[in-house]
């Protein structure tokens, strides 16, 4: 028995854990295998989550990114006095009398002029003047009318406009429409596509980034190219402001009371069960509630973000309360004792020590609750926010009471529309929604990392 | 905006109160905070609270009550004939309000002096025209009763606004005075402030209760209507769901309930293991970097609108499930299946389980792990036997949340599992086959509520009965969960 | 080595600080403290001794109502601090605990910096007018807690990253930073080396000038060294209470005697 | 509370596209704000319509069916007495499959009945539907597996489908008689038996929208979907329409009544709100104006079958004629 | 400083269990253990003494790689157990810890029943074939941990509801239930009364028959009573290591001497 070295013969030992450390015994091997498996499960689980996200994101991005680009046609429009201001008085009321239908011929003429200018003709492509006009969005007439009403003095001039191309033409440059599909399509002909190519050649047609998608309001079914998410974004923003300002403080306050202050008895048990149960209430039921309480009883306006925000607040509260309570529960009691021991009041011990330690869980609950609220459509259906809204709500606080739509509503609406051009816009809106979500979460995530610690 | 000014004035006074209260308390203690019962800031907050809270409460109450009172008073004065003409008092009132607004605007724009605005007579002058000039929207001719009502409305509003300002400011000042007088070194400011905060906390928790009451109330009435039109035995024990436009539908809820439980079960069978393992991996094994990235990423899954998942189920997962599993196994050839919806919903629910559990697991003190490691336990043994039991209440909470979400989901079910209820009459095989199309209570609540059937018919009203029944059932499940948590809870330290 | 410093202090009766009668404590169905009657004097160090699990900590925690935080714990009887029943409804436990500070048996530093650990109490009690004063309090407390030298360079490091004994001293420093009138110390020196122990004992002696101190200890020597009065608990009963000198030299109860003489501490 | 200055419309999702086209144009051409048009179903829309009069109720309910008497009554009880009914045109219902799916020509109601009904007449006896392929009962039809996607029971279209196609087919095949004979002349029960669809997965109810039906057809090459005409018109490159008795569905063939499967679309106005809500009447008039709802207007271009009696509707709106012949 | 390994050991040289050389431990930038060289023998009780914060726990935790669980902790040097480098990549810390058990400075019972606390180790190591055997192990361990009598009636009660000293003994019982070859005990008697301390010391003596034990203690008397070898740490350095008798009677280093004689423990 001298110095035991690495090559010493393994002396038979009596201990339960005899044997070299370098080669694991059978049981340890088995346990280690279990360990490895367990760890692999964990990694797989994370992998599945991330893979699912990547898959969904790729498909959303693939479908949605084109929505941020749009095809435009540049035309020089002669603002014909004979059509727009017959009396020549430039009286704004008289000019307003001319409806958008009255502007259509101007565009038709401008199109013809453009084709002439490029030295081509409709006949080459077998398109009529009406077909050529149809290549331009129906929004164009409205655009023209707005311009004329804003600048009556320009009547009689020839002005250059950049008009949206119609959805099918735009789809042609995004791969949605092809010559073959155009054959069967009742809304576009191969001739129109060829003409579009010719216009592109001539520099009158181009595809570029489209701010309008972000700043414009929804448009009706027959002009998908003009549809934007401006109103929906504002609506969602307003609602999220309300949800965040109400749900987080109320949720945390309620949790603190229930977890730290409320006597533990059957009443608090009832409340606890009741709150978890609220989380299981289908969201549309919150819509029923919102309609009954906020609109019918309290008389708040319909389609308004304030009602939407309140309904979503009620819907989000259980999520925040449940997660907050769980986090409060997981703070070790010794921390509370320590604070009470130096003469802190219960309130102080909670706000100074327990709450910061529970913050990561609270923030997680908030993130998830807000994500849910941001993506919810069903409850909005009953309070009038699943709607076609063109007018922008004004700035808060009045804006909270103006009609608005919401991002998920816009997505939902667009996915139900007949024109396939809306599919890409729906995905585009989802991208915006996710960006929204990321922005909201970013702060929470940063905060959460600051509060995370182990003791 | 006078209300804003009042609020600002009150808050300003509160702020002054904060400092005065603080100073006075300090003064009474000769500047020595040790002599004070509470920290100086508590005296400040106390003064602020007393100044601002009652005043603002009264302001809020006033703003809620006064318009109603004015409407009622003005409305009561409108001749019956006018009301009959317009259809309802509330519509006349809309006109009155609009006219009052136009008068205000007219005065503002100088088109009318204040005196005229008060005693202008609709029968004599061209009021409608003059008001339209202001740019206000006047939809029909302003008649004399409406004009008079509008003038009364303006008067009352002005008086109400005046008294409101007075009352609120007086109250704020009174609160201020009381608070400042009370700010003495022996005054228990902290206790007072904390009681105030506690009341706020209690109020916050009552909101959850009120929501429940509201939900039950808003569904109870219509549920009652439903059961008047449809026998409850058939609803609760019926095994067939077949609404019909001609009436005499079969509205048994069992197939829906079964579908709900089955699909939720599959979804949780996907989400809970994956979510829990992800949480364990992230909190126990992963480095801080991976964790910082992966956790928020997984959370995004909760924020993707369900319609995306629905389409994913419909277009991608459905055919895969059918072609790779259902058809080869001879279990059906429908793209709609419990499996499809369950799988996709499971993915959506992963973050509900993972993120929350991760936080809770992370909160388990390191000493617990050390104790286990010190005995030669592997990491996974430690997790399974020490960490998870200690984190159990939180994890159960997370799972409950996920289950709740599964029960409440519509879009994924509609697109993944279809809209047809489980076919009990087709035998047990069809009911337990996970590759069979099925639907849930929630889907039917939504579809009956948004459908085309007569809104007073049982086909529509059944949505409320379904909602209420689901509410009661989930309540039962939650009681069970609470009981389980109580039984197995392990409190550390 | 174990020289029991015989304490023959003058018999001048001091003011009474705590007067406890018929105190019973239950943990659920367990009767942990049975019928305890005891009077603790002001400006005195009282030692609680007794075998592990006899109820020393439990009784100690009654004195500043820390037992309130344990759901299943129930306390009955009269506990008068300066003649006022501390379990009276009107009593604010917060104020009580500010007056009656506590050092827990298991060190429980806040997961904050060392500085904030100490500064917390003074901050909530408004003991410092400004940062400089607070710094001073922190330094003084850490010095009195005999840990200043070890931590002065890392006041911003978390208190949880200290060694066991350091944490214990940190908790002592934290407790005295709020200047309580009564200090309850549950085995404050259990993780300390002799030198640190001596410093803490010095501190206790110094505190006695103005305040009263109750200390739970397993070391008979320590009890003998620092306390004037000693209470011996056994199975939840207060078996004997009296002058420390008397208890150690001439115990009345056989149980006390066997505990003291039984083995060396 | 400030007075509301925009028109609020709610109701049918079928009418929604038309209503939004009108609302958009209305907003562009008038000084009134663009009306807010909600979707959520005819029933939900009418329910909110009937909640009462006043500013926090809607002004117009869109419906893809006629308002029911029970609903009129409920309305009246809540104070909504004078209702103006406006029929805006018709919605055609078409059968279509994938462009490279099976072609259905000269589909008759009887074929649909045979393919989809729960019980069919085979050799004079009523039996559980035994057919697996279309060709099983009609050799002219493609020999592919039956799978169809009718709208779910929540949709008004379903009712039309049941009445005008399935029930008609039931009668045409003689199954109706046979069932009547069997159950002792109970007409109602027979009708009910006729229209109940098979539950073996060959008839898949779609509770969602036509986009969902389209997606399902994409996933099921043999699938036949039931669509609105407008939806089909916007997706002619993806869908192969089935002709009904050799008639090609189009706005014209439906207007003339040649193509049988269609339903009227309506909206309902609260008369009491006219004159209170700015722009309400103007909107209604604009909606039924020739340049909008006429055969050459944008609505027809989108797929609305314009009402041959549009002129009468226009006068009725102008005169604010309420229902119940007042 | 590291020149004092007294080689003149008594004639009966025992087998070497641990051989540590050039051990350095860092907590982030803090150098907590400096250049420690020490050899621990089998079937021997070694005591680690030294002032609070000197690195005793840190070094102890190196011996079964418990420091692995502290993120910022870094260990270098050679630590050979039975000639095998325990920080070798091939070594499974799990197996190592099964061999080298540990009792922590702060008692950390699991939030489970008392029974499960003890049964945990035997269960994961498969030491019991059936319930009866497990019951036996639990009882035996609790008896050896000198806590059986106090808890035998409430084996189902949670371990966290015990008094401080009871928790400590529970942790000792838990550690020996897995029958490690080496037992590391960090101040195992700090919260124990003299009687319980004596029982634990008896246990240690008994364990020495077969295993080696390393004990951290602040009580010089205890070190003298139970250990054969003593190591004195100071500011992260191993100042002196040798026969316990010699260290206490005839320390070589002035620091050791001043620590030992400085004050009474």
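To keep things simple, chains are lettered A, B, C, D and E as they appear, and every chain counts its residues starting from 1.
Quick note on the criterion: a residue touches a chain if its C-beta (ideal position, glycine included) is under 8 Å from a C-beta of that chain, and two chains touch if they have at least 3 such contacts.
A quick map from chain label to UniProt name: A = Phosphate transport system permease protein PstA; B = Phosphate transport system permease protein; C, E = Phosphate ABC transporter ATP-binding protein, PhoT family.
Quick caveat: nothing in here was measured; it's all calculated off a predicted structure.
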| task | Identify the chains in contact with chain A as well as chain E, in label order. | result | B, C
| task | Taking all protein C-alpha atoms shown, work out their mean, then name the chain whose own C-alpha mean is nearest to it. | result | B
| task | Specify the chain most distant from chain E by Cα centroid. | result | D
| Between chain D and chain E, centroid-to-centroid distance (C-alpha), Å | 83
| request: Provide the C-alpha centroid distance between chain B and chain C, rounded to the nearest whole angstrom. | output: 50
| Where the CA atoms of chain C average out and where those of chain E average out, how many Å apart are those spots? | 29
| Separation of mean Cα positions, chain B and chain A [Å, integer] | 19
| Touching two or more other chains - residue numbers and ranges from chain A | 17, 31-32, 35, 291, 333-334, 345, 357, 381-382, 415, 455
| chain D, residues touching no fewer than two other chains | 1, 4, 40, 44, 55, 208
| field | For chain B, residues contacting two or more additional chains | value | 190, 311, 366, 376, 378, 381, 449-450, 491-493
| Touching pairs - complete list by chain label | A-B, A-C, A-D, A-E, B-C, B-D, B-E, C-E
| Touch list for chain C against partner chain A, complex | 64, 66, 69, 71, 93-95, 97-99, 101-104, 106, 108-111, 120-121, 124-125, 160, 171, 174-175, 177-178, 180
| query | Can you name the residues of chain E that touch chain C in the complex? | reply | 27, 49-53, 57-58, 105-107, 150, 161-166, 169, 186-187, 190-198, 218, 220-221, 259, 262-265
| task | Please name which positions on chain A make contact with chain E in the complex. | result | 1, 3-6, 8, 13-18, 20-22, 24-25, 27-28, 31-32, 35
| field | chain E-facing residues of chain B, complex | value | 366-378, 381, 385-386, 389-390, 490-493
| query | Which of the residues in chain A end up touching chain C in this complex? | reply | 264, 333-346, 348, 352-353, 357, 453, 455
